[in-house]
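Labels A, B, C and D are assigned to the chains in the order they are written; within every chain, residues are numbered from 1.
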Amino acid sequence: MAVVLTRNSYGKSRVRLTKVTHQADFHELIEWNVAIQLEGDFIPAYTVGDNRKVIATDTMKNTVYILARDHSPSNPESFAVLLADHFLNRYPQVSVADIHIEVQGWERISVAGQPHPHAFVGQGPEQRVARAKISRTKRTLIGGIETLYILKTTDSAFRDFHRDEFRTLPDCDDRIFATEMNAEWTYTSTSVDANTHHERIRRTLLETFAGHQSLGVQHTLNAMGTATLEACEAIDEITLTMPNRHRIPFNLTPFGRDNPNQIFIATDEPHGLITGTLRRKP
Amino acid sequence: MAVVLTRNSYGKSRVRLTKVTHQADFHELIEWNVAIQLEGDFIPAYTVGDNRKVIATDTMKNTVYILARDHSPSNPESFAVLLADHFLNRYPQVSVADIHIEVQGWERISVAGQPHPHAFVGQGPEQRVARAKISRTKRTLIGGIETLYILKTTDSAFRDFHRDEFRTLPDCDDRIFATEMNAEWTYTSTSVDANTHHERIRRTLLETFAGHQSLGVQHTLNAMGTATLEACEAIDEITLTMPNRHRIPFNLTPFGRDNPNQIFIATDEPHGLITGTLRRKP
Amino acid sequence: MAVVLTRNSYGKSRVRLTKVTHQADFHELIEWNVAIQLEGDFIPAYTVGDNRKVIATDTMKNTVYILARDHSPSNPESFAVLLADHFLNRYPQVSVADIHIEVQGWERISVAGQPHPHAFVGQGPEQRVARAKISRTKRTLIGGIETLYILKTTDSAFRDFHRDEFRTLPDCDDRIFATEMNAEWTYTSTSVDANTHHERIRRTLLETFAGHQSLGVQHTLNAMGTATLEACEAIDEITLTMPNRHRIPFNLTPFGRDNPNQIFIATDEPHGLITGTLRRKP
Amino acid sequence: MAVVLTRNSYGKSRVRLTKVTHQADFHELIEWNVAIQLEGDFIPAYTVGDNRKVIATDTMKNTVYILARDHSPSNPESFAVLLADHFLNRYPQVSVADIHIEVQGWERISVAGQPHPHAFVGQGPEQRVARAKISRTKRTLIGGIETLYILKTTDSAFRDFHRDEFRTLPDCDDRIFATEMNAEWTYTSTSVDANTHHERIRRTLLETFAGHQSLGVQHTLNAMGTATLEACEAIDEITLTMPNRHRIPFNLTPFGRDNPNQIFIATDEPHGLITGTLRRKP
């Protein structure tokens, strides 16, 4: 029987880079978790164990630290592009370089109201992510936010949905809306001022979520994506994924008490999962 | 500015089903973690909050338990197909139903050498998974194994790979090969004897891994995929993903000792990540 | 053979409480993860299955939600005391009630520079914790912080430690100091203004960490604990636990480059783990 | 103000050791995750940064690999004792050495029905653990099992527990009993045949769980501990911790169906948590 290898890629994941830049009066800190995947002329390594064109994943790891030393990446998006271009330019056997970076956020510790020059406190669980997927013919740059916990205690309804004999959930005019938003957006170019755009997009997502009169998770997701595309011309597509982390009203009736939307059970499972991709209309 | 919703889906995740079947002399136990995603005519829910065609994710959850009651699913693959067909058949607004099931494995406790009729011990971290993605025009059934820890202490080399100034890793003729294999394969039909196929595929993957003279992770991955397609006619494609969980020889030279491939540091990060998809040649 | 039950306790864990308080112009939100453990006259439940004095853990769960409804807890410390006292006062068979609360932090989303009245963004991974352990004769209230990521890029040395033939680590005058601090402190009373104390203690810990000329993790731990006891008279003991999340300089010499304390590998394992308890001298 | 350091310890955690022993016809494999904590004359490191007596945690890590090279530890209990004794014997400043080891289980892959000489498949989530805590005056050896998932589908009741106005849980004569058991037991000596005892204790715990007519988690916990002390004279104390991972009957009444103990919702939170320590009566 004949078998064919129809798709393959390989690389290094969880390359954890810390870079400190010593300025005159203060230090700058970045901590990025880098993953690299390459596609290209690697089939002989699979079929007959011929590794001559294989760049060791250990070499990829070295490359991350060397390029971080040689350059001054100001944001993860540009470093992802730098790395992807490096692999394509140096190795003719590579056809696609796909770089993914997760940012560990750090803020300066405030001492007597002033930001400290070299001491930091970690941020989370929200994480900025960047991805550059670059081939010989196509360049894609993606920015994103993962695990942004957002919650609103009102201005959220879910009613008049499909009714059949398997439905037991009643209509609800006022419920808690809680999610761990993941967003990723595609830049129109691989050379953008990503820090500025990231900040604007993040603010737009948060403000739209806060202000929306929600008729459902889908409804708010669409409003958030639309507002983002309107606010940032540097992107042409956004995908939002929003698990519905239900807060279920606790039934206090057996205990002779009412519950005017005050007391809830927070749950992680089961959870709704709603996703959508919006694009600028051509 | 005009924005268009180009892709959307929604559903319920982490619906945790336990079913006990009472036979005359013993109980059968299944514990499955079910996720449902639907695509279809749901755009008005996003754009204007019109939920009339929206099947609540809570209703989807109910459906899992109701169908588990009404039927006697003998394996997760057939239950995934049953659920997918249910959503397509009952709701004309649904165009695609995508069901994913993770199996919590349980084995009978052995008491005095005999399997106990109703007491079980949990298995892991290996997990059987099944996925049915069914549309009005296409039916796909996928089986898989996640997080299968496998390790061999010899018959594994990695040498003669690309050499340049960023390479520091030396050639190695005898190293530990450790991975957490993920595999998924596509059945040629949605009505198959999945339990039998799963067992044969699992055994083929393990035996091929054990016996292979590996020249690299890619080389072994290809051998495992090829052997599986040869062993099981009921599938026509398999994707294997194999992180390279490096075991690094500990350098004992500073302590006046040699290390003849005996003492290693086990690491999780950074790790190589190798993937490939193999198909039967048409 | 005779066996005796020398210690026992039981309770409910991971009771996830959400409470929304509707003020005239804004909503207040708390999300607490509550765990309860009781000790007392429960031996017959163990030895002969006599459950008559056993308060079901389900009842404990109900109690959390009911007391959250009936009272207006302004901080997790006072709610922990309220719950502990409830179990002791209502159930004569209880001798010790041990309540532990983890706080999910939420901050108001900023919209046009103003805090939003009912939309929130989640904070982490830092977590405020509170514990009340109350018996018929002793009342203990503990506050704490878990998983506070802190890092300084200089003012940290580790040198002149014990030298023997198993030591390979060189002296270092300038290294990164990174940890995930856990702290817990004991209040001198169970009725304190915990919000004010918590804020002051947190600020003292951060500022002391930032400003310390560290000669080792132990040295900084001791300074942080001492400063906290000096800053807050309402506590008389503090325990700090500080894993040493090493940042290892990446060796760039093989690549013809120097590394003037700029490029590091972030690691999670292996890690140092340093702990100490400080008390006010009597 | 005067502050005193009342307790301190430090060490290295997550030292991940792999050792391969090459026998004539097969390889033996151990993978252990080692944690070390030392107490002793280390106060000056805390108070004034005097590190002269401090054994670097990096040196502790080296020690694990060196001792694994120099000796042939046949089980984690004896290696924990070996390490503890090493730190006490070599360093007069150490007063207590506390070693904790977690075992990653590996079984040989079966090929054509035969165990393979050098290929292994990982086991889990159950984990064997060992702990040696040795001081100048006292030697303690602890064995244990963590995260043993066990479940029985019948022979489990919970009824006649305390009734009051906060109770809503009804009596139940037949429910699922599911837990993730943690056990630790104290050996009467630090030189025991731990492999044999571990196997017997594990079998006793499983068989007792399976065969017990449970009137509650406490009741079964007590029976399991008692049976273990009776089965193994080499231990004199055992502590069992058993979260109650509730399986909640799904209410099928709204859908016109009954549920004769067949269909359940598996849950992780909230969960009961029951613990007890049993000793041989003096």
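The rule we apply is simple: a contact is a pair of C-beta atoms (placed from the backbone, for glycine too) under 8 Å apart; a residue touches a chain by one contact, two chains touch by 3 or more.
The shown structure was predicted, so the numbers you read here are calculated from the model rather than taken from an experiment.
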Looking only at C-beta pairs in contact, point me to the busier pair out of B-C and A-C. A-C
Which chain has its C-alpha centroid at the greatest distance from the C-alpha centroid of chain B? C
Chain C to chain D, mean C-alpha position gap in Å, rounds to 24
Centroid spacing, where centroids are CA-atom means, of chain B and chain C in whole angstrom: 37
Go ahead and note the Å separation of the Cα centroids belonging to chain A and chain C. 29
Would you pick out the residues of chain A that each touch at least 2 other chains? 16, 62, 66, 166, 168, 255, 268-269
Considering the complex alone, what residue numbers of chain A touch chain D? 165-166, 168, 254-255, 268-269
Chain B-facing residues of chain D, complex: 16-22, 27, 29, 31, 62, 65-66, 68-70, 106, 109-112, 116, 118-122, 124-126, 148-155, 176, 180, 206-207, 209-211, 247, 250, 252, 255, 257, 259-267
Name, in rising order, each residue of chain D that touches chain C in their complex. 1-16, 35, 37, 42, 45-59, 61-63, 66, 90-91, 158-162, 164, 166-169, 214-219, 221-222, 225-226, 229-230, 237, 239, 243-244, 268-281
